[in-house]
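To start, the structure itself, in structure tokens.
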Amino acid sequence: MLKERIAGLLDQRLSGHSLPRDFYVDEQVFQADIEAVFETDWLFACSTVEIPRPGDYLTLRVGHNPIVVLRNREGEVVAFHNTCRHRGSQICLKERGRANRLVCPYHQWVYELDGSLINARQMPEGFDTSAYSLAPVHVEVICGMVYICLADEPPSLERFRAGVTPYIAPHMPDRTKVAFTSTIVEEANWKLVIENNRECYHCAANHPELLVSMVEFALPDDPQAKTQFQGLMDRSTARWDALELPHKPADGGIEFRCIRLPFNENTVSFTTDGKPACNKLLGDFTEQDLGSVRMFRVPHNWNHFLSDHIIHFRVLPISANRTELRTTWLVHEDAVEGVDYDVEHLTEVWMATNSEDGMLAENNHRGVLSRAYRPGPYAPSEFMLTHFTDWYAGKMGDYVGTPHRAVAAE
Amino acid sequence: MLKERIAGLLDQRLSGHSLPRDFYVDEQVFQADIEAVFETDWLFACSTVEIPRPGDYLTLRVGHNPIVVLRNREGEVVAFHNTCRHRGSQICLKERGRANRLVCPYHQWVYELDGSLINARQMPEGFDTSAYSLAPVHVEVICGMVYICLADEPPSLERFRAGVTPYIAPHMPDRTKVAFTSTIVEEANWKLVIENNRECYHCAANHPELLVSMVEFALPDDPQAKTQFQGLMDRSTARWDALELPHKPADGGIEFRCIRLPFNENTVSFTTDGKPACNKLLGDFTEQDLGSVRMFRVPHNWNHFLSDHIIHFRVLPISANRTELRTTWLVHEDAVEGVDYDVEHLTEVWMATNSEDGMLAENNHRGVLSRAYRPGPYAPSEFMLTHFTDWYAGKMGDYVGTPHRAVAAE
Amino acid sequence: MLKERIAGLLDQRLSGHSLPRDFYVDEQVFQADIEAVFETDWLFACSTVEIPRPGDYLTLRVGHNPIVVLRNREGEVVAFHNTCRHRGSQICLKERGRANRLVCPYHQWVYELDGSLINARQMPEGFDTSAYSLAPVHVEVICGMVYICLADEPPSLERFRAGVTPYIAPHMPDRTKVAFTSTIVEEANWKLVIENNRECYHCAANHPELLVSMVEFALPDDPQAKTQFQGLMDRSTARWDALELPHKPADGGIEFRCIRLPFNENTVSFTTDGKPACNKLLGDFTEQDLGSVRMFRVPHNWNHFLSDHIIHFRVLPISANRTELRTTWLVHEDAVEGVDYDVEHLTEVWMATNSEDGMLAENNHRGVLSRAYRPGPYAPSEFMLTHFTDWYAGKMGDYVGTPHRAVAAE
């Protein structure tokens, strides 16, 4: 019955327009989102440098599912459902921690870092521990980014890996460390949070801090762009070509996007003065002015890779009208706080921008609740919202068992 | 299925008794209330003097529907659904504000004060702005009171207008200004909030501040009233007749009520000392002792018109167990705060009374939740609750498509 | 449809294992819990000494049902649904209070302490007050413990009464007084709160304060116990036999449990130093070292009876993921605070233990929400959880109209 309702909503949808109301506000559709999207696709969990040593772990919640991501004794990143096989207690309770073995805090069943149960005190003679391993979650690591998948049979990530690695690898994310993390909750549907991020049509009036350095254009040949931008673009790409840094849009279709774009003239980083956020550059870079690699992957993750720092953004849905946004700033592993970088200078642009975007998404959500809301047309500069909603409609079409409804954009 | 359930609940209902439990506590019935009542009938929004100049606006939320009421360039009051035709953001974000044009905070689409879209930056050549006006909401202004209706075809307000105008017009509400507003949220169903207001059976034990000046009786010939009251009534009506001020109950049926009743001996206003709340009298009045015009209209609005001030009460449902009450005090437009009136002296009786009523409604709600709750008989002094619940049952009967169940009161 | 779903969940259940996920987290199953368990079975309300004099009352909420327990003029404990027969207001508003008669705060209908309506002011001539008594709730008092039952036909309590009276009566609960009460809310299903209480498998790692004095073993012949415990047990039972205090496990089946067990060597009470919590012993006791009578009764009540104090624990479900725990400490009626006992010394062990258990239950609840949660096997020391869940499954089987599914434990 829910699937029929969703099929009906998909029939109403017109590509190139915002989604019909119930996709954004209905709690039942939200449950379908979790099953159709968040329990089937690859999700960004964290950076590998957040869990550098064996036993380091990080927890997150995908829908109602508590997950723990950790580094095992072999140094590999693995993930498990964070629910004990005895009576279901959460095992790892902190957001980030370290454990020699995973010991359930309730009755101290002990699991190896590979998820196998190695001790269950007081259980009777003949109790078969091998039947009670932690349920595994699939993991892929791409350029320091840990992706997890809760599906039994995860889809392939290889096209994505091949597409983004050339852009990201030169920033050497493995040689970074966490400088700061921030988690906020927005009273808005997760798709409104993503749509907000996928366009800069709203930037001019809302993001004074961001626009110090960021150009509003999403493509080298943006039709809205002025001649001045073309000059900046040409000078930048010439320099990047000389450094053999890729910059043209990757061929990610509606699955992912990866591109290097310049900062405004005389600015080199996401700071309120446009100056570098960290004096120690990433990897082997000697040049500060590398613009930023902007990378997005459905359903919920965007990132910036600069000469001096990396920022990861992770969106997790809580309910139809609540969404968590976690932001992580990485700098060179040898950078010294207070010497090479200042946390406030490093983070203030995106702390402010996240807060501004949160208010925009919340106002959007409240307006979409209206029975007078009608899906409206995306502007040309919102082309990535057409990509995102087409992708989403495809996932929901798969979920409800109707063919993907690809409606030609007007 | 919900409609069948509601029809079943209506069948259980006995006129002259409080409603069956689920009408007060069930979230699905609440959704039906919004559709059957709040999205079809006229609702009190505000006073015209809250938005005196072109571009002044006031926002409210009817169920999930954000609404903006504003004065256009021609000086007329108009209203729109406060949701942008681009991607649905709320446009006006403050409770009261002023705008030369309505500019959406998200991507700055610009609407004229008549709701027409006059600029949508970056939209492609040939984009037809005329197809993207704000969705209008019907407006009627009666003696300075702004009523709105979300229905496509609003019912007639003319009987109401004709009925109440003679009582209210002499108080000249157009020549007032806002002295104070208060908004509180009560953890009770909106109908319990209205029922609480529609009787003074509870006043003696609960409203010491109110009973300084207010008589507990709702009709000139109240059978509970003492001889003393009859004397007060006779003297008052003689004086009002001499001033040509109407006072007898208007013929509003179960739709509305309008009547002028005296204050207690030696009191003339809703103050803790019974003295005037404002020395500058409304309109052309020279006589302080005019009692008060008590006006109520279904579903959710009551008002008092005195010689020296006006009070509007507006109830808005939030969920089955949460209700917002907004109260507005108006005084003569030339009255000077601190000279002619003191805000605390003006407002303390109804601030206290609202708070006391809020607790009564909350206790009522918690008791109605009991499976042992049985609809009980209204007392004779609660005759207006019979009117209200009969009216409500009629609206719900229309909604579920069964004939109006008019059950004779015992 | 809900009943069919629950029947399906019961079919999945394996005795000796924690319950299938939805029994713990689903709001609809929670409503069934209220109807199947809390509105049919006997519930612990309070101690008689909390309402010592005629007119003393105590209120509680069973699901959505507000209840008032009071002592009538004859000195008997009676209970009523705390909802007025006029328009349903709650009548008694405080958690504990005293009233000569029950007067509804809304319109002052007056009820005698036997629930009969004796005055309804302003009601018309011929109004039949006898038709508007408060709805009664069944009450049984067993050794100072007040049990209530909301069912029309309550089940028999006689087996329970006969079983526990010999253990409890010597502690003379009628000659106690309240020293302290505490109420906390845990974000966990009520059954997880009960399961947490029914085993001490989790004690060693989580309850340093409790294990000062409490032995972790639940039976005299606990197979986990060391020889040392057997010595303690033998010495204790010899002493109790000499005092004619019963100690062997009562034959309560899965309905109740009653047993006397010793404290650790050199400790005699639930205190952080193991010393007595109150110098004035209960009843006619002269011997401090009496261990404690541990008494539990389904669905929601456990208790400790010591030489120097009594503790009652009452669990009330609020929603699928919220549960209230109320704890009451009783000491001899002649004990003087600050002289014979110190409230902090008396309460700190169980205040700490309740708080620790609350966190364990909350972590358990969050982990059970996972779709990877699988019911796991109870350890031998968790045999009381098998009792509890078998009992619960029987109640739910009755509710959904399928035969009691008694599945043999592995």
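A, B and C label the chains in the order they appear, each numbered from 1.
Please note the rule applied: a contact is a pair of C-beta atoms (placed from the backbone, for glycine too) under 8 Å apart; a residue touches a chain by one contact, two chains touch by 3 or more.
What you see is a predicted model, and the numbers here were worked out from it, not measured in a lab.
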| task | If you connect every pair of chains that touch, what shape comes out? Choose line, ring, star, complete or other. | result | complete
| field | Angle of rotation relating chain A to chain C [CA atoms, steps of 5 degrees] | value | 120
| said: Can you check whether chain A and chain B touch via the same residue numbers (shared by over half) or via different ones? | reply: different
| query | Measuring from the mean C-alpha position of chain A to the mean C-alpha position of chain B, what distance in angstrom results? | reply | 47
| message | Where in chain B do residues touch at least two different other chains? | response | none
| request: Provide the residue numbers of chain B that touch chain A in the complex, in ascending order. | output: 39, 64-66, 81-91, 93, 105-108, 120, 122-124, 127, 132, 135
| For chain B, which residues count as touching chain C in their complex? | 18, 25, 195, 201-202, 204-206, 224, 360, 363-364, 366-374, 376-381
